[in-house]
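Input: a single structure, listed below in structure tokens.
Labels run A, B, C and D following the written order; every chain starts at residue 1.
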């Protein structure tokens, strides 16, 4: 689904990431880990076409991202569910409307899918907060709403950046179960996290591959996990 | 320093927090924990006068918050260092300028304290990123910058909301050591976190009291920690 | 063209979903509405000024064309020759459209205000008057005087235009100032709407970022802004135009009956210009916002 | 008052630190500058129009006061009585400031343009003319005619003001329109700057939140905005005023020599008004932004 071929990225002159080669096969489950500032978020941005590789190639659904028009990028993003580290929402819409936003943006009528939205909100444990505005949510509630929004269009790939950063262990495990469930439905999942406990817990449930960014390169994590 | 006396808070009709009584003695170290959405952030907002209790009283540095003028609130906030859960920065200023912001705002000349700022940036491991803009920081870097900003005015009290939510375990422990160090310097510290491992690690270093929000009330956490 | 008009009509109908995703942006909205309204109001004034000044200039101009005379005072015997000489001179002077000797009845009519109707014009040694009609370009008064002095010593050019011409010039100038003001107002409106649209886009940078993140295409985002600003400019300018027109009607209608200066109000075709004001404002807003939106969006990933 | 002026001066100097904390806000900045400039430019025009129209009205008004005559055509015997009767009527008519019988020389001068200087006025049965000076309020022409017909049958009121009065009215109206335009422009400027300031405050809601979080007092935050908008309005309006003045100077100075319509430019004291425009704009911006900022800040925790 997403392929990196010796891709590199640098914000300034120095490479932050270099020689990254990876194939996200359909239905696979990956974790991405690495210390703060290693480039996890940057890696995900390459995957969802917010950044273009400075060297090498990134192919999304078979197309080189550099050959894509702005509109093609938009259309391909609808097949990728993104949980952003900063959980960006539109503060003037309710949480339910935010979750339904990808539907509106892709020209579908959110009201006709109200049932799905309700189900989704219940699935992430937010049925009581449907009408709230995003700034009225707690940190953890926002992260769950971001996950709900990421999956509303039934994307093929789900990219989640620190989805459990602000939530307690119980809630984190619930969220993990949601991601595993999505993976069992055939979706490709990539989760960037610094929480090694979460990764350990996941390994019991799913055949997850763990990647680590070290010295600007992508490595498979060893047996220490 | 901060006293809650049967304080309650409700956003709508139902109480979110009720009958909270607590005294943050000078030099004490507290953890605040509780599930996502329990009201940890709301509790901190009561402490730093962003919210006024709907019942009961909150006294900050001996004054009832309800008797404070807007200017008095501003002046008292200079004695409280706040690490906000969303790490709010001014995106048009560099990280160093953001860290120095409380100095500028309180009428002191940031340039005359440039040495202090440099030291502070090194202390949180951001000396290399001094000139970057906040949006160019990784999630963990932002949280460290927020801590640096919180302590720049040498406040009497430090309130930190999930300061380790976005950082890996090594960095989290480093941040904890910074907070313990501040506490040893006589500062009162209150940390809201859902990370029980962090609390366990802290207990080895400092005589921390652990509070938990359960059923809208403040409880002392039991021996399970 | 028809497609474009249909597109504009479509724009004004709106699209619930796309309009909701961009926040209401209260102040830029008020600002745009108000700017469009105030500018339309001022345009109505400037337009009225220009049209009135234009009419005035035209009327005065046409009256001017008949207000020069040559007066020939000569002994009875020389009258005929000098008159012929004067007519010849006038015929060959550039800038003079025609010349005509006034007959006795006309001369009596001219004198009537001063002497009453009973003046015995025929029995008086009164001079003969030649009415001179000039062309639009006008003639060289001093040159004509010199030639007349040479050809017909008894002829005196009495250029009544001298004191009226400045009036015509003033009116022309007013018209110029009015058009200048309209141009300025239009340019300012375009600039202000562009800036307001850019301010709105800048204020909504985060919204745009979120929309791009969830897969919105540029046109979807741009349309929400364009639609909004076009509608605001249209309704603001319409309100301003109506207010301006009402104001014009309320201005005391002075000097109307004399017909000399029909007044500053609109007359006849003047009113036909008014509906153009909001349409122009909407057009300006449409293009200004579209350009601003696509430019801002093009700069994002 | 002195304190306030000093405060304003202080404002314009700026305070590096407080100014940095509010982001540059490019578009509202351009918008405010441009609005202030365009509005100042238009104000210069409106002011010129008003002043010129006012001068025109005054001049025409004073000329009007001497342009009515009463012509008395009567047999030689009755001339003296009828003249006396006319003078008496005029003396007792409200709105008439004075009346004076023209002497033979004056009458000859009046006729000169038509008959040349050699007309034997004395030997002609010409009517006697009485020059009527009216007061500012004017008199009732129809009433006077009726009274004259009763008292002096040979007297005819020849009201030359009839065709000039509309001119004066038109000029008065222009002046009114000019002042109205200035008022409108000032109100629009205030509204637009208020809205721009509120837009800037709204766009910076997050900045304000962060500043409050780190302990900034309201005045500190408000001052950064007020200073910025005051400075922008001042410089924008100054530029606009200068541009407007240059434009006025460049407009071809027509009709100047006749003295009848000194033209649309400024003359003498007119120029003294110009520096007031940017100062007024700055004042408007100061108060509008201050009110907007304190109101927005008061609504936050």
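Note that in this section a contact is a pair of C-beta atoms (placed from the backbone, for glycine too) under 8 Å apart; a residue touches a chain by one contact, two chains touch by 3 or more.
None of the values given here were measured: they were computed from a predicted structure.
Peer 1: If I average the CA coordinates per chain, which chain comes out farthest from chain C?
Peer 2: B
Peer 1: From the C-alpha centre of chain A to that of chain D, how far is it in Å?
Peer 2: 67
Peer 1: Centroid from C-alpha atoms only, then distance chain A to chain B, rounded to Å. What do you get?
Peer 2: Chain centroid spacing, chain A to chain B, equals 29 Å.
Peer 1: How big is the gap, in whole Å, between where the Cα atoms of chain A centre and where those of chain C centre?
Peer 2: About 63 Å separates the centre of chain A from that of chain C.
Peer 1: Chain touch graph shape: choose line, ring, star, complete or other and state it.
Peer 2: Chain contacts: single closed ring, each chain with exactly two partners.
Peer 1: So, with touch as defined above, which chain pairs make the list?
Peer 2: A-B, A-C, B-D, C-D
Peer 1: Quick one: which bits of chain D touch chain B in the complex? Just the residue numbers, please.
Peer 2: 17-18, 20-21, 23-24, 206-207, 209-218, 220, 298, 301
Peer 1: Over in the complex, which chain B residues touch chain D? Could you list them?
Peer 2: Residue list for chain B touching chain D: 49-52, 70-71, 74-78, 82, 84, 88-93, 97, 101-102, 104-106, 109-110, 149, 153.
Peer 1: Tell me, which parts of chain C touch chain D in their complex?
Peer 2: Answer in residue numbers: 25-28, 30-31, 34-35, 38, 41-42, 45, 49, 56, 71, 73, 110-111, 113-116, 118-120, 124-127, 129, 156, 158, 162-163, 165-167, 169-170, 172-174, 176-177, 180-181, 184-185, 187-188, 191-192, 195-196, 198-199, 202-203, 247, 251, 254-255, 258, 260-261, 263-264.
Peer 1: In the complex of these two chains, what residues of chain A are touching chain B?
Peer 2: 11, 33-38, 40-41, 85-86, 136, 138-141, 162, 165-171, 194, 196-197
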